[in-house]
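Take a look at the structures below.
Each of the next two complexes has subunit A plus one other chain: subunit B in the first, subunit C in the second.
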Partner chain A sequence: MTTTSPADADREVVHAGRPRPRRGISLSDAGPPIALVVIFGVFAVLSPDFRTVSNVQNVLDAAAVLAVVTCGISFVLMMGSIDLSAPGIMGASAIAVALLVANNRNDNDFGLFGVAVAVLLGAALGCLSGLALVVLKVPSFMTTLGVSAVGLGVATLMFAGVQPNVTDPMLEGWAVERFLGLAHLTWIAVACVLVGALVQRYSRLGRYAFAIGGAEEVLGLSGVRVAPYKVAVFTMAGAFYGLAGVLVTSQLGAGLVQAGRGYDFSAITAAVVGGTLLSGGRGGILHSVVGVLLVTVLTNGLVQVGVSPYWQGGVQGLIVVAAVAAAVLPQRRRNQVTK
Partner chain B sequence: MTTNLQTQPDPRVPAPAPALEVRSLVKHYPGVKALDGVDLVVRQHEVLGLAGENGAGKSTLLKALVGLVRPDGGEIWVRGEKVRLRSVVDAADHGIGMVFQEQSLVPNLTAAENIVLGSEGPGVRRGIYRWSTMRRLAQEQLDKIGSHIDPLARTDTLTFADRQMVEIAKVLRIEERTSHPPVIILDEPTSVLESKEIETLFTQVRRLREFASVVFVSHRLDEVLDVCDRVAVLRGGRSVGEVPAADAAPADLHRMMIGSTGSDDHYHGGAGERPDEASRPRLVVRGLSGKSFRDVDLDVHAGEIVGIVGVHGSGREDVCRALFGAEPTTAGEVVLDGEKLDLSGTRAACAAGVGYVPAERKTEGMVGPMSVADNMTLTKQQSRCTGPLVRPRKQATLVDRWIERLSIRTPHRGTAIQSLSGGNQQKVVLARWLVAGDVRLLLLDHPTRGLDVGARSEVYRLMRELADSGVATVLLADSLEEAIGMSDRIIVMSDGRATTQVAAPAGGKPTPLDLVKEMV
Partner chain C sequence: MKFTSRHTAAVIGVTLAAATLTGCTEEAGGGGTAAAAGACDPADVTLVGQVRNESNPYEAAWLDGGDAFAEQVGLTQERLTYDGDSTRQQEQISQLLAGDTECLVMNVLPNGDSDTPPIVEGAEEAGAYLVTQWNKPADLNVTDYDSWLSHITYDGVESGKQIGDALAEAVGGSGGIIALQGILDTGAAKDRFAGLEESLAANPDVELLDDQTANFSRAEALEVTKTLLTKHGDDVKGIWAANDDMALGALEALQQAGRDDVAVVGIDAVPDALTAIEDGTMTATVSSDGPWQGGIGLAIGYCVATGELAVEDIAAEDRAWYAEQFLIEQDNVADFVSPETDEADFACDNLFSRSQGAMS
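Moving on, here comes the complex of A and B:
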């Protein structure tokens, strides 16, 4: 056996019809982008209104807030946890920013500083979820549900029965002023996606979030303390939700407690459709963004081709379930337990 | 260092302290003495083989050496220094690292990240990855073992053999933590490798010896003798001796592993007259093939217990599951009592009178928080129902009868099964197939795993009673002795094929050595 050098043996093993070592994306990652192109193509053929430049701009502008929320939630899902706190955190930050910039309720005019405070408030609430998870060992489903309620409570207290209308020209401008055809807040969302993708690829936080979803026990066996990273991921997610709350306030011109209503499940749907699985360790920011575009194109396209609004919710739900079924198809096996 | 000086009269020329020394290590689990005073010496730059049967205490010992198990007594010395190992990191700081049997790599990270995981050093600065540095660090490790894996390949796209190289490269990172030669533990590294890959691994192990000590654990004794300098043998949680590998044969080692206690009386008790071999077998399997087994033929007569033996990776577990419809098959035919058995799913198997006791009792065999009664009637629902409705009184009568018949020690039929002892849990799991009285074939996958001696013999008696009542049984035993003692006939499986058949009637039992010859 000493006649074979290990190097030769290695090569021969690789030639024996085994899986080839791969670096980056695989074929299953290509599904959602292909689906996006196909669905876009179908609507473009069916509806002349859909294939206009201004409608594409509309789609992108409409996807902005969901994209920011999804950036945050993707990191949590990559870890295999879940986050339902977006509505509460967005509500709190929406009211907070409306009261901190120029508005009709008080004399504050903090501008960008006010925006930063609202984002920090979101981060603090997210941190609370993370701490409850790692310190009290409460599953993320319940901690984030609780934090969402806390956020709504904070928002309701600040709301105090009188709606704060934003008079700050900067914040109002984000929603209406355009650069290269897209609203400013769409560019903010693009920036968030880029930052998220960089964090995922180049920071220990992002890579460890990915690894926690892949095999958390292995990290422990390698001497890594995972708790701080979990808290950090929830904190970062909270900051993204906080920013999303600010963007909604900018769109509405007023702070609403319900600013984030429904965004938790929309974001989870978008992430899963894009290939970021709830079991963790798969997908990522760019996957999720494809999911966001898919969901938004679907909503917009169904309107453009004249599907009755009464039908839309149901049709969209069916398409989402079909997409996820296709995504998990390669992993099916006998006696598989699905919960 | 003090002991070293005491044992060595001339302090100027001290003999090199052993890389690792274990002194009368003890570890108790409820009902089991996993380690009962183990002594072990690993010298510097040697490959030490560790042999022992299932339950001999090998894995507990290894876990204690890397800080995953806290021993109840005894000492661990590293290079003449007494140490307490509280965690894997502790062990790594002392230069001890282990390549785990079930691989411990994060599948969705790159090989490079896995290699440096937890001690990235310059690979990460202020929380930001330096991919090029990371790659270089990993490449250095891979170069040490002469591996040509792409460090940036995703780990789950590598072959099993390559992943093992990544693990070895990762373990060698402990060299960065200590200035001394490390101790590398390889736990069953060959169990899933092909012969070509095994040779590569052995070359690696010999290379490791240049700068490290290696503890090599394998079921395959010929391998152990091939690659090791010395072999230590464990039996029943004790060290029973060691031999230089050069002048030992697998048979010698095996004799040490199983000891002088030949056959156990429990097994043969109550063995009635054997069925007439000429009669038509109850179960006929022809050419059964699946992912990990090929062309398996198997006959089991009514009232017969047929044991299937084989090393880890021989495919016997999958054959057993395939017969229950829990593992897909690609070819072959199974006939039960003259009728073709539908292997498409477990439902069909249950309906045909096939029962299966899985090896993983806690996760596959029972629903822990559910009551004894509900666990017992889980499969044969009709035995407690009238139409679609559960009849509590019918269930109570039935369950109480079986609790008494199998002498299951439980406070009440409503007690959660997880609060029972392992042996009683296993009896409930077995009873599940008996309550309806229609079981014709029982597939027992390690039915005595994790049970203490008393519970084992009760399960043995129960198996024998069932066989005598006409049930055909396929047994995957926990140890060779169990297989020999319980079976009327033994099939040896190797690399997915049924290679040999050995008759094992009462009074004419083969020895473990006869079987080992065929297994490896």
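Moving on, here comes the complex of A and C:
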């Protein structure tokens, strides 16, 4: 009893009723990092342009936004839910932040406060998904799809036909200025990953998210009120998407309604490639980060190696499927959501 | 219990959907009394402009051009948007055609090639006057129909070549360039890239270092350009982008890489690109003149509906044609910053003045 660390307690909750051998680092956890190293190595051998320091910086910078989105989505996936709201929430927060900091549309100049409002807007939309899930009992697939449409609607209303261009030096600086070779954006993403990992490991919210995905009924039977935690997880995910929308705005120098287009499925792909199960209860932030890097390295490497653009989409898809298959082979039965 | 909550959800969902739809489709004003085809009272004509969405500056300007024409003839235009959703476009069209269609004039941007045939068939059956732009299947002939008055599009090969030539000139006739292609399976992307290849053939010292797709997206262009800049470094003297959104993404990538010696060209003449050309950070773009497009389709329909122009009198070469497009560089950008429609362009005897020839 006395030696049980929080992490161990966490594991016990997750696998309640599911006896399995004690393990150190199992093959299933090591799969994605090995795949990452292999793919990185292959590209480094094939292309001298790929293995330059500036390209590695470029890969890390390119991974920043996807990493932040994936932080949010990982918690939702851990619970065994799904979240497709990223494009809408990112669009709404992108336009909101572009209109709140110094821009060409109005005289606002709220700086960091504007960023905070955009993140809160994201959290509010995320909260809406969570509430619809637990109060109306609509499956998360549908609620989040609906919230995405709501977010795009809010964004289109604020957009009002004229694109807001950001002139705020702070927000523009995030994408341009560098610290230790990486853009400020990238450091913000690193901070998000750390916060996410800490929440996952040490907070009740993070551990219950795991537990809900692992065995929701057991948790309910032991007297835990699950609903508030579900809402909280969606709210937190929304805040991450909101921040991601801000980061995209910083990169593009303009607020776009389509700021988050495609990020929902890229983030789910990254999380699954990293070893997070769609059925919930396994994986986590650090797994997802490996997945994000894998996907980003792949995109970058195929261009560096010089694969024809007509082939890239297909080749990328094949490698992702192969990587997932290799990574989850030991636990294949659990990974199948649909039979 | 479970049932009620499902019902609640379903009811709320349907209500939301209905609210969204009604928000987008305002009722057409007037309606008009029955009139013989080709002899509508000008006051009875209903004008409808339909594009994908108003969050796209080009398409918003298109609808504004339609409003300008409507005002010119003392009417109002019904503005429809379908969010790039083919199903929604068809629903809106069938809703329109289910109403009074005697003096209905539609200026439509079909979502894709395959969306055009049902719209054309519907209009033909209902006797509504239709002008389409940009997208139609190559084997669908306008001359086979009476209500489908005209199809207007732009020669992508020409625009791709125009900016290719402008780029070659900007890099001093020699040097490496990279190309950002659009969505590879669209006609626009293919034609524009073919235009670049023509330009490259005419400028043998300009070398295409790499071509990648960024799917017409600003965000994707940013990432792809950053990658290509690390790959080719200082060899990159110019960037050819198949639309302005990608050109603007490329400009951000150049700024983040601290490069200001690279010329960038695009197509579409979106407002931000025009600003960039004014500033000198971007070299050239091509305009199809969105406001003119919004007005001309309605004008053709209006002239036929009111009997000023008979369908039989429209020359076969004016039934499906390429319209003139304009290369914009720093010296003429001022003329395009706040585009306005010219009433004379919409006069019934001047409708086809911008034709560059029949579609091949």
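Just so we're on the same page, the second predicted complex is superposed on the first by the 303 of 339 C-alpha atoms of A that agree within 3 Å, B and C clash if a C-alpha of one lies under 4 Å from a C-alpha of the other, contacts with A are read in each partner's own complex, and residues count from 1 in each chain.
Rule of thumb we're sticking to: a contact is a pair of C-beta atoms (placed from the backbone, for glycine too) under 8 Å apart; a residue touches a chain by one contact, two chains touch by 3 or more.
This one's a predicted model, so the numbers in the text were calculated from it and none came from an experiment.
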Partner chain in contact with A:281 - subunit B first, subunit C second, else both or neither: first
Partner chain in contact with A:224 - subunit B first, subunit C second, else both or neither: first
Subunit B versus subunit C as contact partner of A:203, first or second or both or neither: first
Subunit B versus subunit C as contact partner of A:211, first or second or both or neither: first
Contacts of A:42 with subunit B and subunit C, given as first, second, both or neither: neither
List of subunit A residues in touch with subunit B within their complex: 1-2, 4-7, 9-14, 18-24, 26, 201-205, 207, 210-211, 213-215, 217-224, 281-282, 334-335
Partner subunit A, residues of subunit B touching it in the complex: 87-89, 92, 100, 104-110, 113, 117-120, 124, 127-129, 131, 145-150, 152-154, 157-159, 161-162, 170, 194, 196-197, 199-200, 202-204, 326-328, 345-346
In the complex, subunit C residues that touch subunit A: 2, 5-6, 8-9, 12-13, 16, 20, 53-55, 57, 60, 181, 184, 210-213, 217-219, 222-224, 226-228, 230-231, 248-249, 252, 255-256, 271-272
Contact set on subunit A toward subunit C in their complex: 49, 52, 54-55, 58, 61-62, 136-138, 146, 153, 155-156, 159, 161-163, 165, 175-176, 183, 248, 251-254, 256-259, 261, 299-300, 303-304, 306, 309-310, 312
